[in-house]
Amino acid sequence: MESRIRVTVWNEYIDELTKPLAAECYPEGIHKYFEGFLSAAGYDVRTATLCMPEHGLTPEILESTDVLIWFGHVRHHEVSDTTISQIHRRVLDGMGLILLHSSHASKLMRKLLGTGCMLKFREDDQGEILWVVDPRHPIAEGVPEHIMIPHEEMYGEYFDIPKPDELVFIGWFAGGEVFRSGCCFHRGMGRIFYFQPGHEEYPVYHLEPIQRILINAVKWAAPSPNICKYVQMFHEPLVGRDKIHYEIPEMPDPETMRKLREGML
Amino acid sequence: MESRIRVTVWNEYIDELTKPLAAECYPEGIHKYFEGFLSAAGYDVRTATLCMPEHGLTPEILESTDVLIWFGHVRHHEVSDTTISQIHRRVLDGMGLILLHSSHASKLMRKLLGTGCMLKFREDDQGEILWVVDPRHPIAEGVPEHIMIPHEEMYGEYFDIPKPDELVFIGWFAGGEVFRSGCCFHRGMGRIFYFQPGHEEYPVYHLEPIQRILINAVKWAAPSPNICKYVQMFHEPLVGRDKIHYEIPEMPDPETMRKLREGML
Amino acid sequence: MESRIRVTVWNEYIDELTKPLAAECYPEGIHKYFEGFLSAAGYDVRTATLCMPEHGLTPEILESTDVLIWFGHVRHHEVSDTTISQIHRRVLDGMGLILLHSSHASKLMRKLLGTGCMLKFREDDQGEILWVVDPRHPIAEGVPEHIMIPHEEMYGEYFDIPKPDELVFIGWFAGGEVFRSGCCFHRGMGRIFYFQPGHEEYPVYHLEPIQRILINAVKWAAPSPNICKYVQMFHEPLVGRDKIHYEIPEMPDPETMRKLREGML
Amino acid sequence: MESRIRVTVWNEYIDELTKPLAAECYPEGIHKYFEGFLSAAGYDVRTATLCMPEHGLTPEILESTDVLIWFGHVRHHEVSDTTISQIHRRVLDGMGLILLHSSHASKLMRKLLGTGCMLKFREDDQGEILWVVDPRHPIAEGVPEHIMIPHEEMYGEYFDIPKPDELVFIGWFAGGEVFRSGCCFHRGMGRIFYFQPGHEEYPVYHLEPIQRILINAVKWAAPSPNICKYVQMFHEPLVGRDKIHYEIPEMPDPETMRKLREGML
């Protein structure tokens, strides 16, 4: 039996306690809402928030997390550098990471990507249309070619990120802007997906196709057991191994070659 | 039950009938050798060769192929343009394609990539070391960080291809050359993998890690059933749909929003 | 003195003769309009059209062209395969190519990129906003972060192209669509720029920032004299050169090394 | 008159003072050797070293530097975080950066790229052959298709970097390894080139084609005056500008359109 993907959903969890509209959309917090639909999709889900000790992300939790989902907003600076470093290390070692909405300004995204990750934004009550530009991508599987989001905060270009390794979605905003709304990055053994939709005052994550994208993204970002073993190899001490040169073995003799042909490797 | 991936292995099948060393390595032809280890890996495998009517690749065969493996060598020009066009169309529609070794000079690869795909080469009896440069890639899963190939034809840079969407392997040759030996390309809904090792006079495909790469590549290149349905959407006539503008729906009323929150989508 | 970049502007030149609005925008044809502002920018410009013998693109013309600009529309199929092959060859050898607007459906673009290059479209009289998403790119130099195009034909995603090597512009359309409007591709020694704006019935190419983009694109796509000589090397016959292995020279003796230090290479 | 590109060469400058072979290769330090051939190439060159106050890189120096060249080796940790942050900021604002050899392990490269940047290495006295795999790239202009480096420290894959935006060189090592030896990255408005050759105990930078690469890289990485002005725009406060929506102007009236046609923009 294949083991289930272990997801940890991290949420700043301030807005839902302080802003009426956010509380209305996510009465128990965005993290709990995610726990609901991701559990229903068959994932093994835990949650963590800013105010928990170590932000709810102890080394043990991180070690047993396949994919971390991150929703930060206005208190990015309150996340400790120690926790950020530990997450960063885990991503390079293969843990998947999904960065949501205003997490573009998090220490975590900046540390992983190296740029400022700034963008234009405007809070208004207009809509967004999300377009698929890489329909063959696993994160777009089963997703309609465009998704109507009735209300969304505007995020606009220029978005100061490295060139995405894969660009899956582009957002259209009623006010006249466009945005690279769904971007994949590969860093070390880890896969990272930045996804723009999700202003906390609108029920964006309630939309079924948005959930479909997130469910796909978890599956895409999860490390495979084989890859984990493989990564191990890269961590072994290099001493010794690199002292010798690689020697190409001799051509097998005819008998060996015959056996090779018979599949007797 | 998940249905098995349907693979068609196409082989020029001239060398094995005319060159003693090739015959020794692959007595029944490279296509049959592939059928062996790919069937053992759980795939549903058929074979086809240059000399069969329509080169063994009728529209019906192509339509029921998930991944096509292509080994061409010196008779690229004898493959009919009609067949090439049909394969090209199928790849854009989502069929996976694995191009082996000297297939770099095939009409098929050139038509899909648009460049000349030329390279340096030298037939000698020296070795190659194949290095993984994208260990997180699905095609590298379970593959050792380097593979010793005792004897291989040299293929060297400059290799006239578009920048690969993903570069998975780089080859080292004893004569002093390097080569981008494992390259992924995405074209339309299709995934393409070019793989350099496999000179027909050496038993390269007998090597277990080489088989592992090919088994992985088939899995990576295969279209998912969902994606197939999705592609359909892109083929629907555009008339009508594009006559109207996309209208963003109204903000849901409070009652609807409450229901949304309760998951009553 | 640096020699001037030699540009050939090719235009189908049917619309301007048959459609009143096109004739009003470009009374002498789009090619002549381009000749005007590109000559003013310091380029050496010639024009050619579909109806000229060999479509105005003889081998001699092509050979003396640094950058070819292409505006095709509804008669793509009337361009001879011979001419297409000759242009294709020249691009791989280093000639720059700028493909405008409806040239996405040209034989030329399809042959160079390998995909169908289809897209959504809708003729209406609404506007486009063109956004820079790679402000550091030479083609975006001096271009404002967004350009208002009062009226433009809608082109929408999914746009069936290979992943652009560089994505410079994304278009926003009033009807709700987005489009990868400025895409760079590298093929062989040639640089290719696809640029979406330019429906012939609106004076899009009259807009100053659009002209700035095109002037930049010519400069970006032009081959340098050094590169041309370099390409020559790749065309030399491989016979002989590849028969020998590359031998790494000995470590220089101390005296040689001293001379090396003194710059006496 | 075009102003000259201002280069600052930073060198750790410990090896040349402590290791006889390094001293023999670069009696005045690697930075001074670079100053020599880069000045001869027409650049305006200054140098700085680890032991200088603020490591020789005051904000004023950085502000007046177009391209920074960085040679760090074993004392990466002694570079202050303040200086690293200031350089990082300058690169995002458009300063070019060339990272040499063992600088892969510098705080600077890791902060800009986000990964560990580790690799295999082995000090031996064998050779490297450097191959061009992107001959059209400006950094490869005038560079032969391969360069023999008689002696070089081995650097081998897996090299833990993000996928390079452009891969220009691949290194072949006599011991059996390959390496992505010349990699371009774009971060913010800055261009970054990592270049592997240059072990301090061999006179690698004395080789003419290696100098050609470095001279090209400076030119490639330098910001253009226009781009600098452009960047300014992205730094302007967003307040206000984003409060309003982008309004597409009206279709020009016939008279305006006529004027447009006459170039009277």
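By written order: A, B, C and D. Residues from 1 in each chain.
Please note the rule applied: contacts are C-beta pairs under 8 Å (C-beta built on N, C-alpha and C of every residue); 3 or more make two chains touch, one makes a residue touch a chain.
Since the structure is predicted, the reported quantities are computational estimates derived from the model, not experimental observations.
Looking at the partners of chain C and chain D together, the chains they share are A, B. The chain with its Cα centroid farthest from the Cα centroid of chain B is D.
Inter-chain centre distance (chain A to chain C, centres taken as mean C-alpha positions): 36 Å.
Annotation: 30 Å between the Cα-based centres of chain A and chain D.
Looking at chain D, one finds that residues 126, 129, 135, 145-146, 156, 158, 163, 174, 176-177, 186, 188, 234, 246, 248 touch two or more other chains. Remark: chain A residues 129, 131-135, 145-146, 156-159, 163, 166-167, 170-173, 176-178, 180 touch chain C in the complex. Within the complex formed with chain B, the residues of chain C that make contact are 88, 92, 111-116, 120-122, 154, 156, 158, 160, 162-163, 165, 174-177, 185-188, 234, 238, 242-243, 245-248. Per the touch definition, chain B reaches chain A in the complex via residues 24-27, 36-37, 94, 125-127, 129, 135-136, 140-146, 148-151, 174, 186, 188-191, 203, 206-208, 224, 226-227, 230-231, 233-234, 246, 248-252, 257, 260-261, 263, 265.
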